[in-house]
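Below is the structure I would like to discuss, written out as structure tokens.
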């Protein structure tokens, strides 16, 4: 059978088979967005990302030659959440993520990462290293009074011991923030590479620093799409100018060959603010780059 | 001083003075939207409505001649809510609505009406009659598992005795729904005029029916902007085709002269889905029509 | 299991099971759009319509109480077409439509109706009556030199004997057209109700006329979304002002209870020109109204 | 030569020949927009209207059978204006309009009508009757301090004796306005049919009233696109809800057969606020309906 | 009291107190746009910028740690202008800017800078140095016949002695232009750094050159948002491709620490062409970067 | 006569005289788009590009000083195509391109380049060197079963001997692709510079490599707008993230001075997906840069 034309593509990520939790690699959407602090709508991210991914099913990676469709991949569809209830939703997400061999999740708000990391590290029995691409630190203890809002996710992840902060690198940081947050984050051992650092350094140096931090242990990728500049990713809730070009983020991901990733999420795509699907396409492509890394291992 | 040009209008509804809770009439925004079940973003409704209202400050009602800027009017800005927490938000909204003489609130999701009715009826000491314009019954006991989501608001309002269902009329109803909801609603005594009823009847007959139901006691207006057809109000979360034209809704409001309104809300404007501000303008104008009714009393 | 929240709905029309050609009723997308004469993009219609239908899975018809999810329904996904080749595509569509018990197809351009009617009438062994809602006659022998472009579909359907023109009614017609086309069409026996006729008549009279034409034999519904006014359906390729309101088209469909429909298509949704999904929602709802008619038969 | 496909249409209105001021009928754009009081951008109206008209070149009027392309028609392109200078622009527009046999102008803001009427009535030697479709009276003596802003155009036209107010009918009026403006306007003899009047009357009665006012003398059509509801014409600067459906305006124009029109303008299309070209298409079609009236005279 | 959630932010820039002309630093909108030569709508810039700034009130500068909300800051709202009259508007703007200690103005068209510089230099008693970020030279003596259109602003500013051209640097220049304009501008002593120069030089070198030109005297910042590439700032009237990335402009501003700025404007934001608020956010953030420079002085 | 204001610009590219096939340089639109494989709508590219070019008529190149309006230039309007028929369309395009001295064509889909190269090389009597800017190789022998779809254009051009592959350079390549395509393409002698190569090299090095490949023989430029990143060119059918910034593409074109170009095309602009005309402006400006190269020869 020939590949279907892109605009007639099946409704699963990269045409993966549906709903097989026993697959070696799973994709799932996590449409929670009630803890977002500015513009809403990340609930619609997973559907938009799947749809935008229709162009990525035909061909292999242009640089590495990797083919993610060769992975034992299943698309689980959307995880169930509890309408209007953050903590119950986090518990449900954690439960649904438990028992999967390797999960690439599409958000939804960044808060879902907490549930995903809980499920992952419970299985691993140890904290993970973290490649965190974002405009924001997300290490607030309390985000406008809501402890589980999207800006607090890594305060919890570090405090709960899900992430090893000495193996955590944040790239693209640039929003206004409180000095106390920077101090606390650095005090935990986290490495912060601001967007300005990325723009004013050779990309190879950024990659080398990130690899040095992540090391050889098990790692996780958490990619907030607002790590990209709003020109490249307008469809998000808390945009900040001065961000990464999509080629910079791709180069960073491509530079991670050999890092021992055990899971990933790509979050905060809010399609109501997208134009011409470019944000959804960026998120889909970043997911595809991630899977190419995994496929390239073989 | 002359009236400022519309595009230089002050940032309050109809140029009302700011933050005076002792005013005879108050306007406030209620940016809660975490209990919405389809598209998000009603949190941004109040700002968009205020902005769209900039054209309504110059002149009087073209039919009644009423002038709402002559009311003792204050714009309280946005009510505080609790990020990511429906029930705490409802309590905060109720508290902020308490003690006001007369409130016109702009949502936010429809769920906020429950808090507003609690505050109003506590003050009145009796249930109110209700003019409810909407595509949906909103009398679900449980909305996708969330008891306080926007589709359950009038189940609570009736059950808590905030609304007198025999003096409650719903106009514009047309979404798919469960027969049990229709049965329960009608069993309480509520009058339902579907959108089809409105389209196929003279508007004067619709008005007469509504007035008959509302009677002479104290009343409340709850206008879900999705009562309008998506052609007239695309910027909303749960659109349903076949809805009211804006002129029909205006005619109904204009037909309510003499009804004893004690408060109102206009909800579910989601500006991310609006085009050319037409939904926000519809909401702003409906608010202005309501105030013209009040101003016309004198 | 409870109904999933609308924004987490499964990716099939009304949640129908996937790819079962033996189902009593099938839904399929037909993403052909290379014979369109003005704006392109109807290829993306089926995906947009499915997505917009996510709100229609919860509840029953508000007037008839019918429940289309109770039908033995399967969503076949998109039909294969031949890229850049109209006639080969029509042959492929016809082949894929052959053998299905009852098909509701989502276009794609109007030209696909020819293939669908060929498959249907071959099975029935007789021509069908046709309820045709459209801004355009579509009875051009030759459309800008392309015999199988979307404006020629019913010239072929009548000439090939697929449709019985004496049992064919066109509703909503209003585009500029050549007098010869009107003459030819009427000479075949077709009944034409212009948009102006609909706006200036009671809707019950329109329904009665249509029912009279369609009679008791097997019928087909072909609904070009540009039958609706561009205010209600901007997302289409050849919009014409002065069209039907969505409530009028719904009323006409609801008035068809008892007509012996054997298949239907809803075509010409071009999502690139849609706003806030209102065109896709209109198309999805018209498909749902059609299925409610069928479900109501029982 | 065959008609070109619509998307390859020539860049003139209805394919009219370019720049022949001696033609029996001329079309011109008038891109002045610096006297608008809310949203800007009517300068881009003429180009958008010409572009949207590309679908109207193929065929004849579906009801009257008239063919405006049979008129001796030339498209003069855009009139020159003086950047940033209203009064100089009005003088330039008047000069360019002088000497033309019959002009259909596309605005630009409504203020340009003053210049066009000056040129026309100077040639005619008498005031004209006026069919004025609009949401606004436009009879303000002074519009936010600018005597020649778009809201003052008919104060000047009446005061300068360009229009015979007893043969002037305004249809679609509905914006907030000062009672003094209504009083002054009616005192001049002008007939005002509000949008509410149109919605609640048979369209034939509206037509009859308008014809009665216009009488048998020379007349002019001034169609402000905001006479239509924002659902039908979002692309304009001062939208008001509750307006005419496009079919109502078309019916009114079609009802004017035999009225002695000597010129027309269609103004206030602001394409930056348009969606899917529907406003530009409405304006183009209204221009086409007007030319069909003229072509039907023969 | 805690910081309000961003989507419930007060309607003033960074939450500054309203209308206090005696503040140490003032913000004002200047909604003049009638001298723009391509796309209209800069009148709506100030409101959009204020709205987009709602995310900048929480936190400090991520690099310098400066906190602009600590400045003695007031938001004066929109300056009055004269509808449809450039020169009268310039006089009114100058008058309103007179007597303020330090003004950050949001345009509006670039022409307003002339009025702002007149007010500033009259107070200072000397010309200022100018950091001018723009795609265009804006040193035309006459702009399409209008001497005070937006492309002529710095011809006047230099000719009137408001700016010291030897201390004036233009960064981002790239539009088609007449060689005479380049020659005249350079002959006055102005330093021009084209967009190409910026793209092909280290940013530190651009900063050093600009600092060298500006020197130690009093300076002014005039930032035309079209200095940014249309990818980063689509919402403007005269976009030119090949422009600055937002990070480059931010880096230049951050490099200006210690320059003696006495006022600034950010102009030509036309929200009707913006997407997802990214242009308004860029303008708001540039204003915030400017205020951080001032706040960092302490 | 003075230059008209940009928003009143004539409807031809750079104001060129219309329809003179004997001109030294011709511009034409080629609205074919039925062989596109993802999003449709390139048929509307030429009109959008002409419209966006209205700002480029006033002034000269800011770096080279070249003036393309000084060329002997004519705009031929849109080429005729055969609706719904690729091969017939290609034959018609070739015929219309035959006999022209030098053609700059605006697509339309990339498939049209085949017809344009056939016409050009037939006249030249030899293959051309090719500067090909694109995200895709476009050297598929068969594109989803359609041999003349847009992804197969250079397989044909090389196989037919229209292009000398040893003098062909592809810049910006980055889409998923099959390794066999890379191998075949390189085996022909083609030089491939990926987008990643461009981002991680000095632009002067990219220019030098391209010039080395193109050499001194006759050359052709084929610029697929998706060579640019979707942030800079969202309005296209098969976007790929990680692409060129517009300044990079401009720098490459500017670096081609002295290359012996004999024709060019700029293709795949799909305006339905554009925002604020930025894609159309990019295409128009690239065409203008190309003409500046030619004008600069003198």
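Should a chain be cited, it is by its letter among A, B, C, D, E and F, assigned in written order, with residues numbered from 1 in that chain.
By definition in this document, a residue touches a chain if its C-beta (ideal position, glycine included) is under 8 Å from a C-beta of that chain, and two chains touch if they have at least 3 such contacts.
Everything numeric here is computed off the predicted structure, so don't read it as measured data.
If you take chain B and chain D together, the chains in touch with both are C, E.
The most distant chain from chain C, with centres taken as the mean of CA atoms, is E. Farthest chain from chain F (centres taken as the mean of C-alpha atoms): B. Counting C-beta pairs in contact, the pair that comes out ahead of the other among D-F and A-B is A-B. Different-residue interface: chain B and chain C share under half of the residue numbers found at their contact. If you average the CA atoms of chain A and of chain E, the two centres end up 36 Å from each other.
Rounded to whole angstrom units, the spacing between the C-alpha centres of chain D and chain E is 39.
In chain A, the positions touching at least two other chains are 5, 7, 37, 39, 43-44, 83, 144-145, 229, 231, 245, 273, 275.
Contact annotation for chain pairs lists A-B, A-C, A-E, A-F, B-C, B-D, B-E, C-D, C-F, D-E, D-F, E-F, with touch applied as defined. Contact residues on chain B toward chain E in their complex (touch as defined above): 4-5, 7-8, 10-12, 29, 31, 43-44, 47, 50-51, 77-78, 80-81, 83.
Within the complex, the chain A residues that touch chain B are 33-35, 37, 39-41, 43-44, 82-86, 143-146, 148-149, 272-273. Residue ranges on chain A touching chain F, taken from their complex, read 2-3, 5-7, 54-56, 58-63, 65, 203, 229, 231-232, 245-248, 250-251, 275-278, 281-282, 285, 288. Note for the complex: chain D touches chain B at residues 37-39, 144-145, 173-179, 182, 194-196, 199-200, 229-231, 234-235, 238-243, 245, 273-275.
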